[in-house]
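One structure follows; several queries about it will come next.
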Amino acid sequence: MEAFFVWFQWLYDETGVNLTYFYDSFDRGRMIGGFFTTIWLSVVCLFFSTIIGIVGAWLQGSRLVWTRRIVQGYIQFFRNTPPLVQMYFFFFALGNLLPRVKNEFGFMEPMLGNFTWAAISLSFFAGAFNVEIFRSGIEAVPESTREAAEALGYNRLQSYMYVVLPLAFRVCLPALNNNLVNLVKTTTLAYAIAVPELLYVSNQIWSDSVNVPEMMVTLLILYVALVGLLVWAMHRWERAIRVPGYGI
Amino acid sequence: MSGTDLPVLLPAAQRLTERARREREVGGPIPRLQARHGVWLAVILIFSAGAAGAQAGAEQESVLSIMLKWTPLLLKGFVFNLAISFLAMVGGTIVGALLGIWQISLLPPVRAGSWLVTQFFRNAPWLVLLFFCMFLLPFQVEVFGLVIPLPDWIKATFGLALPVMANVSEIVRGAIQSIPSGQWESSESLAFNRRQTLWQIIMPQCIKRMLPPWMNLYAILTMATVLASVVGVSEVMTLTGQVLSAEGGRTDLLVPFYSYILLWFFIYCYPIARWTVHLERHFAVKT
Amino acid sequence: MTATQAWTTDQPIVRIADVYKAFGAVDVLNGVSLNVMKGEVICIIGPSGSGKSTLLRCINALVPINKGSIQVEGQEVHDPKLDKLELRKKVGMVFQQYNLFPHKTAVQNVMMAPITVLKQDKTEVEARAYALLKKVRLEGKEHSYPGELSGGQQQRVAIARSLAMNPDVMLFDEVTAALDPETVKEVLVTIRELAEEGMTCLLVTHEMGFAREVADHMYFTDRGVIVEQGPPKEFFANPKDPRTQEFLGQIL
Amino acid sequence: LADSIDDIKARGTLIVGVKADYKPYGFRDPSGAIIGIEPELAQDVADKLGVKLEMVPVVSSNRMQFLEQGKVDLMIATMTDRPDRRKVVQIVDPNYYSSGTNVMSQKAAGLKKWEDLKGKPVCGIQGAFYNKKTQEEFGAKIVAFKGTAEVYTALKQGSCVGFVYDDSALIAQLQDTAQWGDYEMGLPTIDDAPWGLAVRLGEAKFAKLMSDMIVGWHKSGRILELETKNGVANTPFAKAMHEKYKNM
Amino acid sequence: MTATQAWTTDQPIVRIADVYKAFGAVDVLNGVSLNVMKGEVICIIGPSGSGKSTLLRCINALVPINKGSIQVEGQEVHDPKLDKLELRKKVGMVFQQYNLFPHKTAVQNVMMAPITVLKQDKTEVEARAYALLKKVRLEGKEHSYPGELSGGQQQRVAIARSLAMNPDVMLFDEVTAALDPETVKEVLVTIRELAEEGMTCLLVTHEMGFAREVADHMYFTDRGVIVEQGPPKEFFANPKDPRTQEFLGQIL
């Protein structure tokens, strides 16, 4: 293993290709930390944005005008403003409004840290798109299928949970898939509020070691792999829940 | 898969037409909600917050007047954002549409090649693509001794057009594949060739399905133009950072300034979103 | 809630009195009255758009009515205070397009409602579901998805799904459309068996041969009113109303 | 290979990469022009060559690429002179400026020595080279943001205990007692690191010219003058260099 | 290409000889042979899944065959060198699901193919399209979109659309499924008129009454082979094959 790391030192000396995270244990630690932060942030946001999408689409079908309006307002706000600015907004503006708590060093610090805010703002951002995606899926479920559920005595929530949503899910999976891919890529924005994810640590490494191109290539490879994994898993899933006789 | 849509549950087509008919009976589109009121409320809140901040530091210049002072500069930056988003969308859409059609080509190599290109550019982070454009494209090109400069914002346009292209490609492919196969068969049995079928039968039916994801993509792209700072474009976010720094890092400026920028984006993008809904409905009535 | 207040089996189980229904400006039902006794099988025929499906949907409270009264087991269906879920447990409906849940297998389709809606025990429901599928001659197809079944098979799953709720009344909306003669026959046999077991059935159909075979009583609707009725023999042999005569005359 | 001085003269403009977000070294005025200490130095160079000056705003992640690509002829962009950077661009001797590193924190925190930072969240600026050192040697948890406005806001809201930054900039900030009365710069300044002005590798003639110019600036006290003009206390480095060269 | 090489009108216009077709492991056609003369109307009946639709689709070269020969006007359909577009100009097809182009009005649906494919003059095609729609009794519906037409009306637009190409042979796949008796009658009349004008028609149907009325010759398929054939009178009155007898016996 050590020899492996030393080889990259040699590579740098000989060719100028500087992959510090192989031979420098500090950079390696940062890089691994960044990698897992990205994964963790992605997973958290994938989960919550999907929940937001499902609940939002359900609320959008509500009979109460104001519920629908609030959901629409939410969607329009988050879709039409840059997520980077949203993140600032959550962290600096809302973060300031929350009560502070004493931390282990005896300082008053904000109740929610930057990771939490990044997760919240990215979930809301992707969630806004998810609501629309689920809505389109729900609209594609034939009225007659919903009626059949009603005729069997399902109430509104039951027919949504057991019939409409499972079908809508299959219809909108490709679109959802796409949005989730975007979400994973968008987690890079968390670097703006100092969440130590991949872009953030890469940025630190390239400012320390002047190896911007190498780090960019690294980022490219890592993200294409990560997203590729997600796409692959989603496709597997898509196939697994595919309904015979439907879709193309 | 795609931004795009939907391997549609077959009966949906019928049902949607039903709704369109109902809308026609009512004598026009049944209006969806108006997010505007809520938003204006938010705007007023933001401004009052700014004003309050201004009163706190009495001897300092008021937040509002600082914002006004810098507005012309920031607007110049915002113009870059809009120009980049517009050009990248046009370029990306044209190339992406071709790529999407190639994805359903009957020739396996064409199909595989365009699939690969699409997947690669779709999965790579935008920032990294932008950086490579900055890095790989020269700052000027010489054609027959003529030096054509490639300013940063052109590079940024190029860098952003790549992911747009990949996304459009997926949108087009998804939409084409969501058209029931009966449409292909009946065109075939009427002796349409593949090109005629595609352009006269399939594509017109795809428009409605493609519009929402396409406009979503434009929204995402517009928001992503702020990344152009990486290639050195003085777009609005970069300038905002520089302005805040020029004001000496006053902590009461950060939120008002970013809210201000937020508002600009909203004012630009929201009407487009409304217009999409309108267009979608327009196409829905006809099908 | 399970209100059988004043109702006894010697009264009509479904009592429809002077029902009017309009969709916007379109008058669909213009004063329909009919009574169905427990265990009876009635058939409603009539040209397209004459309001047959709408009538069935009104009985099930899927659409509200404008005027008149519909009672099932003595209980007013369009009473705003009525718990619709209770009604639907008593009245089953089979749709022309089957409307099976495409993401569930045949047996799951049958089991879902009793478990979710009636909160019945899963193993018990499962046993009943298999029995029902056997009854509609679908042994071996229990684990097929609707997309893998032929139209006639889907139709029979839909019937089993409704029966699993143990309704007192079944509404069938054009259950034989687009089926081949053999499958029509199978569905016919199934419905007959149900009737023999005392199930009350209301059918809408375009298949005259089928109606003749299965019905205890025929109704002919046109433009939202019942134009003619009677036992099938007489109805087909000597239609009295000119509209009925014309309609029956078209049949090949 | 044509010499870039000839190119610049032929073109009639000198293109210099400067910072635009680092008051007082390089920042915008409301008209959009970039002003500050470094732009004035750049103007001196242009005057000396007898050409017009064009300034390109750079950030740490792209400044060296811009120079390598030929997009800028010269870089005066608060770049710390480090050996690995010398492999990529040609840093001109002598150094034109220098700054030390210090931490601004609440007086109540009572930070006295660098080791006190251990385990605590400390704000920083993305791309600063001392982030790594503060993290690696003193065990602080660096929370780095894009710009100073973000950092000051985060500091105020308690997201970090201090701000590790160039001491000269911190001194200037602390003068605003209305906002920062409760804060101090309690640690000893470390790492008096020199800043380097850079040209492309292999530009011997241009490098020589720039070297002479830097000596000239030190000799004439131009740097000290610019510091005073921009409200920065004269730094020990500038004073020392003036002493060293003034009689040569 | 308009090859009428050796074909004369006294030979079968459609000549199907020993055709085999399998989808993967599923054998669908197992040696089908039949001949249709110009101007003849033939009906193919048979249980669901017996390969009727597949046979029609083979004639139109929508699916390739595995073995055997299909000739239309003396020309081999499954000759790889054949220009399929030329074949399809000669053979029109009407699908069970209509497959109208939902983004075009009725008259546009009819006009599209002649203009795009045959490059015919627009005004001339338009006049013909209106005439065709009149012929299928759709006056006044010319500018309706498919979504605004009833099933029977859509079906007739689909017929007009195929006729606009002036084919020599028409294939109808279950065109009367899910239509009410009155509409079935109208479609029947339309097809009869076509036959009288000398059009060759191949129909697949589940409506025995309809088949009896319209066909010159009946074919009964089961499990991918033609089990029985004959003129309708005899076919319905004295079926010889036990499978046919059973099938016809089911009819109500």
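So that you can tell them apart, the chains are marked A, B, C, D and E in the order they are listed, and the count of residues begins at 1 in each.
What we mean here is this: contacts are C-beta pairs under 8 Å (C-beta built on N, C-alpha and C of every residue); 3 or more make two chains touch, one makes a residue touch a chain.
Only a predicted model underlies this, so the values are computations on that prediction, with no experimental measurement involved.
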### Message
Return the chains shared as contacts by chain A and chain D, ordered by label.
### Response
B
### Task
List the groups of chains still linked by touching once chain A is ignored.
one piece
### Task
Kindly indicate the chain pair that has more C-beta pairs in contact than all others.
A-B
### Task
Averaged over CA atoms, how far is the centre of chain B from the centre of chain C? Could you give it in whole Å?
51
#### Entry: Interchain centroid distance [CA atoms averaged], chain A/chain B, Å
19
### Task
Please work out the Cα centroid separation of chain C and chain D, and write it as a whole number of Å.
83
### Centre-to-centre distance between chain D and chain B (centres being mean Cα positions), rounded to whole Å
37
## Note on the structure
chain D residues touching 2+ other chains are 61-62, 65, 146, 150, 153
### Task
Please set out, as single numbers or ranges, the residues of chain C touching at least two other chains.
97, 102
### Query
Listing for chain A: what residues touch at least two other chains?
88, 92, 96, 142, 144, 167, 170, 212, 246
### Query
Mind pulling up the chain B residues that touch chain D in the complex?
57, 59-60, 69-70, 72-73, 76, 134-135, 138-139, 229-232, 234, 238-239, 241-251, 253-255
### Query
Along chain A, where are the residues that touch chain C in the complex?
142, 144-145, 147-155, 158, 162-163, 166-167, 170, 241, 243-246
#### Entry: Residue ranges of chain A in contact with chain B within the complex
65, 68-70, 72-73, 75-77, 79-86, 88-89, 92-93, 96, 129, 132, 136-137, 139-144, 167, 170-175, 177-179, 181-182, 185, 188, 199, 212-213, 216, 219-220, 223-224, 227-228, 231, 235, 238, 246-248
#### Entry: Partner chain E, residues of chain B touching it in the complex
13-14, 17-18, 20-21, 180, 182-183, 185-193, 196, 200-201, 204-205, 286-287
### Message
Quick check: in the complex, which residue numbers of chain A touch chain D?
### Response
16, 18, 26, 88, 92, 95-96, 100, 105, 107-110, 113-114, 191-194, 200, 203-204, 206-210, 212
